[in-house]
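You will see two complexes here that share chain A, one where it goes with chain B and one where it goes with chain C.
On to the complex of A and B.
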């Protein structure tokens, strides 16, 4: 990892077990899709964003570890709340289990709701609609000014084919640590604005090992 | 004789072969191989509240099976693993499954056959593993809280540095609750540690964690005093650690600072990340 200094931003990923939290972060950071073991405790990844260091905390989904989340939520600039689009129960968990955690400690934290495993579910078989997803995402961010956010705080992704994965992270990073167009091109980042539903799946280009 | 076996398990190299383990582990744990409770029917196993999670966890735990194993063989072994886990849970309704329990069970399954693996693990859930299997983590946290008192006594500088970095104890959670099965790649190292832990006090994995942290003290102290960097450093255990020396060191720490001398301090510790 370069320049061992305090990360400028902390992003945490939460959600039920086996929704694909580790797959999401590894697709973004290593641009790979492999089967991951259950995460025990938490794992940490570091990502360069222009001149900044971003720490991404991947947490365990097992319900018994919910108590640890307070620790990870502390000082988090953004939280990704992930659910499995092919398993509506995991969407319910965002309401039931994770929303209460976030309300207490992290008012200024940006919350992004992310549906995973989009490739597994044909559009006509979906249980959770796009509107429901967006509605939850907006409710979670009540009290936070998200007018600067260049995207909806809701994404539907596939870590398997890479759809919309880098958009999730870049949307968060751009909101929390804004880079100018010049800076973005200097660091080799895409300069176009993020548009979830018109763009072809884009793969993260930066290769950086998990640390 | 159990005390001789215990001594063997702790001494350099441990049981040395899986053949020895197959006879020594049941004796040490007091498991009667002629009296293993029969397997409940499939339906009962499948109806348990944790069944779905167990299946999902086992299906994505490829790393724990020997690298050269054929897919077909591995699928069969994964099914056996699911049934070993479910048998323990079905027979003991007070126990709660935790992610990591499958790492314990697969280790036994790589050494002994299904019924024996079940009997050994079930026995361990009554003592060594019991605190991990509550519905919450309180008692597991209490075990983790022994780490800093040990380190603070053995190396006050290092303890102070780690506390200043607000490192906490999550980095060694998987070490404790899987007996290092989740974090080591070489099954030889894992079963060697299992010899040691079966023969010792349930807190011994924490004493080994302290020994590992102390062994890596220079690396830690040259790290930025910042939680995420030290967490990253420590949560990856190098494969070339001198495990035999570390086992001896853990045993020495245990004798020097036995749990009863640390329990008050461990109870007092209330790192806010644990709340």
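On to the complex of A and C.
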């Protein structure tokens, strides 16, 4: 095991008990939505991002593991702070409980605030507004140049229907380990930008084949 | 959880220890080679010699006591550790670290010691290794760690490291110390003294443990009985493990982590962090691994945890149908020092066994992968299916057996859908491996099994299997195909084994309707087969039957022969024609084949065919009810034949046609006889087909000199202008159009002589203008050609003069440039570059034989 290559990026997911951290990772890595037992201590996932290895650490939300979270945060390049959109208290604890923990991660740790369980709550009943979420996300990243970031450091997701889940991770990976358009297509990742110099749109080549 | 990674084996039994001293309670121990040292609660050190013996696959320990020493402090000996390089053992008792002689257990003369020690730890991997010293790190009662170098009789203090709280337990690896302080764990860098906090713990609930597991990686006991992995950089690279409470001690024997609490020894895999085995063990006080050997002590007894051989562990897992775990374990067995070949052999066998386990559980997808990866002998699978093996096969299942399945009926228990699934699996598996290297040498078994499967479920694949390169055995499959009435397949099988007679017998029955088989493609197929059959006796045997069935198709047997078939007496055209007498249609087809396809130039065939065509036309004409198209078809065939062939006896045909009013045919025949005037008269006067007349001139002059063509057109023109013809006025228009035609070609002077004087010039103006132009053009072109030829002549002359300008002086002592011999004859060769040689030495007049220079072979164009 000593021969195992060190991951190029460590991403840690934190947040209160039962906000759906493991579901979020599972939806991204395995594209499945299944019931999970409470995480013990922490769980660990490896994800290929182009030529890079990304280690995703899913921490336990239970308060008795708070001591460990601090330790698992070390050297994290990015942190996902998850809260349950249907439970405003979990939003509070991001501020109160998890922000101090992040001091031990690398100085330039990117913090992304992610609301989960969007499918559970109708837009008119929300307690936390989009603006509040964005405000917190910007406060957390104070002193960090986030102009490079392709999008707001705030997402609202649903692991159940999969909405915005991969955007969260790809946004982080692209910020921390930027890949050029060429690399992205080489490794079979979707390209969000339109490449004007691409020789021929793929659709056109497909059409040719039909006659 | 029946996986057994370890077995608990007694090492030194209670009776042996009690015999020494009733109250003895083990506190700690150390094993170094064959030496085993025990530290007791009442301050004794015992020295045993212990030997591991392996009898019949069972490990036993044999021990003998070597000596004992009372350290006289009435305190427990907390830690003991042998340092074989120094012949010393290190002992911690009453917070004092001392050294004893390894053999007589006497204290060292110098009495070197360290006081106020909570815990000491050997650095097995020091930054500056030295074979005559060792490095230890001690945790003092005060807030300090100290690093020492130990020599035989000396303890040298190297470094102090201050820490925020006193440490209770430490682990050392190279340049880092991992310490359990009173409230938290931390990593201290020895060189710089930098401290990195890891995580806090509560001593009330957590028994701190620090265990070095691999290089730069420690295992710590965390809150809620978690086993936390930490690297010396202070981060974690593996998820934590869940242990139970009241942990006493942790050891590591790759790839397992062994943890002991007051009731159990639990074994986790370091690879997936899952628990693999639990062994009940009460009252354990000490456990550690020594060079890969695990020893455990309760207060009175010593045991060893002996690793169960990988193979045994794997077999246990397989017996428990835990396939994935077994395979994972097998993969890791690679690191246990097996040679690659041996490992692959072992691993494949396990994959095969695993495959059969999945197979019994109907996990066909997995079974398939495992069978392919494990390269299982396909016969092992086929033989599970009753009656699928070739009857003559002497295959026996591998021994020891890969599985315990007698055959699939045991698995399916006569459940039909299940049986179908199993059969489908076999079929798709065989199809998949059929042309891979797994099928080498086993093609017969595979093909026979596939044939039986296809025959049984009437698969459309049956026929392609038999058409392609198949290895089906005859005897075995015939019975099966007959049983399922796959007649066509059976015939194909016979054909494959060159038993064409039998195959044909079946096919003829199929055609006659005595047998039925949906896959049989029909009569045409048999014809095709016969047409390509090189056994001509057999062809003759069936040709009668085929012709009676359908003349036109039947004759294809004779006409569609393979291109490169050698001629044979049985298929000699004369004999065939004689034979075909009964079948008029067949004769025509066969003659057409001879004349048009084989292009045989024998007058007999051509005449025969022409006569047959003619007879047919005549027959049709006699019968008034025949449709006109049919007659036209027949006549055009006849005309075509008459036109393209010139081998038939024209007079014979002409004699027959003249009596009828088949003018077009007559015209062709006259043409063949070169009686163009007659032919054209028929075309113009009888048929009034002027286009055909013009065409006649073109066709008959094809491939002849222009004068011949001119003559033909001239004849036509004279036919048009023949004053004896009573309705010659009607022919003025075609005559004019012929004169003005682009294709026609005339000798102008002759035309002018022929034209009646009464015709006006304006009528002929177009023709005359064209004739003038053409004449002018020819005259001019001839002049141009003449001048060009003259120019060419001149330039060649010039070249010739240039070449002859210089004299070639031949003297007696001038030798040939190639063979260097003198000239004996007056002739010689001179090359344009001046090289002079014998005539016979000049092999190529364009290449200089001395320099190899290539002279222009052609004068380049002056342009």
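Everything that follows uses one rule, which is that the second predicted complex is superposed on the first by the 184 of 211 C-alpha atoms of A that agree within 3 Å, B and C clash if a C-alpha of one lies under 4 Å from a C-alpha of the other, contacts with A are read in each partner's own complex, and residues count from 1 in each chain.
Convention: contacts are C-beta pairs under 8 Å (C-beta built on N, C-alpha and C of every residue); 3 or more make two chains touch, one makes a residue touch a chain.
None of these values were measured; they are calculated from a predicted model.
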* Tell me which partner A:18 touches in the superposition: chain B (first), chain C (second), both or neither. => first
Task: Quick one: classify A:44 as touching chain B (first), chain C (second), both or neither.
output: both
Just chain B (first), just chain C (second), both, or neither: which does A:75 touch? second
Counting residues of chain A touched by each of chain B and chain C, the higher count belongs to B
_Partner chain(s) touched by A:52 [first = chain B, second = chain C, both, neither]_ = neither
Ask   = Now for A:65: first (chain B), second (chain C), both, or neither, which partner does it touch?
value = both
Under the stated touch criterion, which partner chain does A:33 make contact with: chain B (first), chain C (second), both, or neither?
neither
Intersected contact list for chain A, partners chain B and chain C 1, 4, 6, 40-44, 55, 64-65, 67-68, 70-71, 74
The residues of chain A that touch chain C in their complex are 1-2, 4, 6, 10, 40-44, 55, 64-65, 67-68, 70-72, 74-75
As the complex stands, chain B meets chain A at residues 53, 56-57, 60-64, 96, 98-100, 102, 135-137, 168, 170-171, 173-174, 177-178, 182, 223-224, 226, 228-229, 231-232, 235, 272-275
In their shared complex, chain A is touched by residues of chain C numbered 198-201, 214-217, 222-224, 226, 228, 230, 233-240, 242, 270-271
Per the touch rule, the chain A residues reaching chain B in their complex are 1, 4-7, 17-18, 35-44, 46, 55, 57, 60, 62, 64-65, 67-68, 70-71, 74, 211
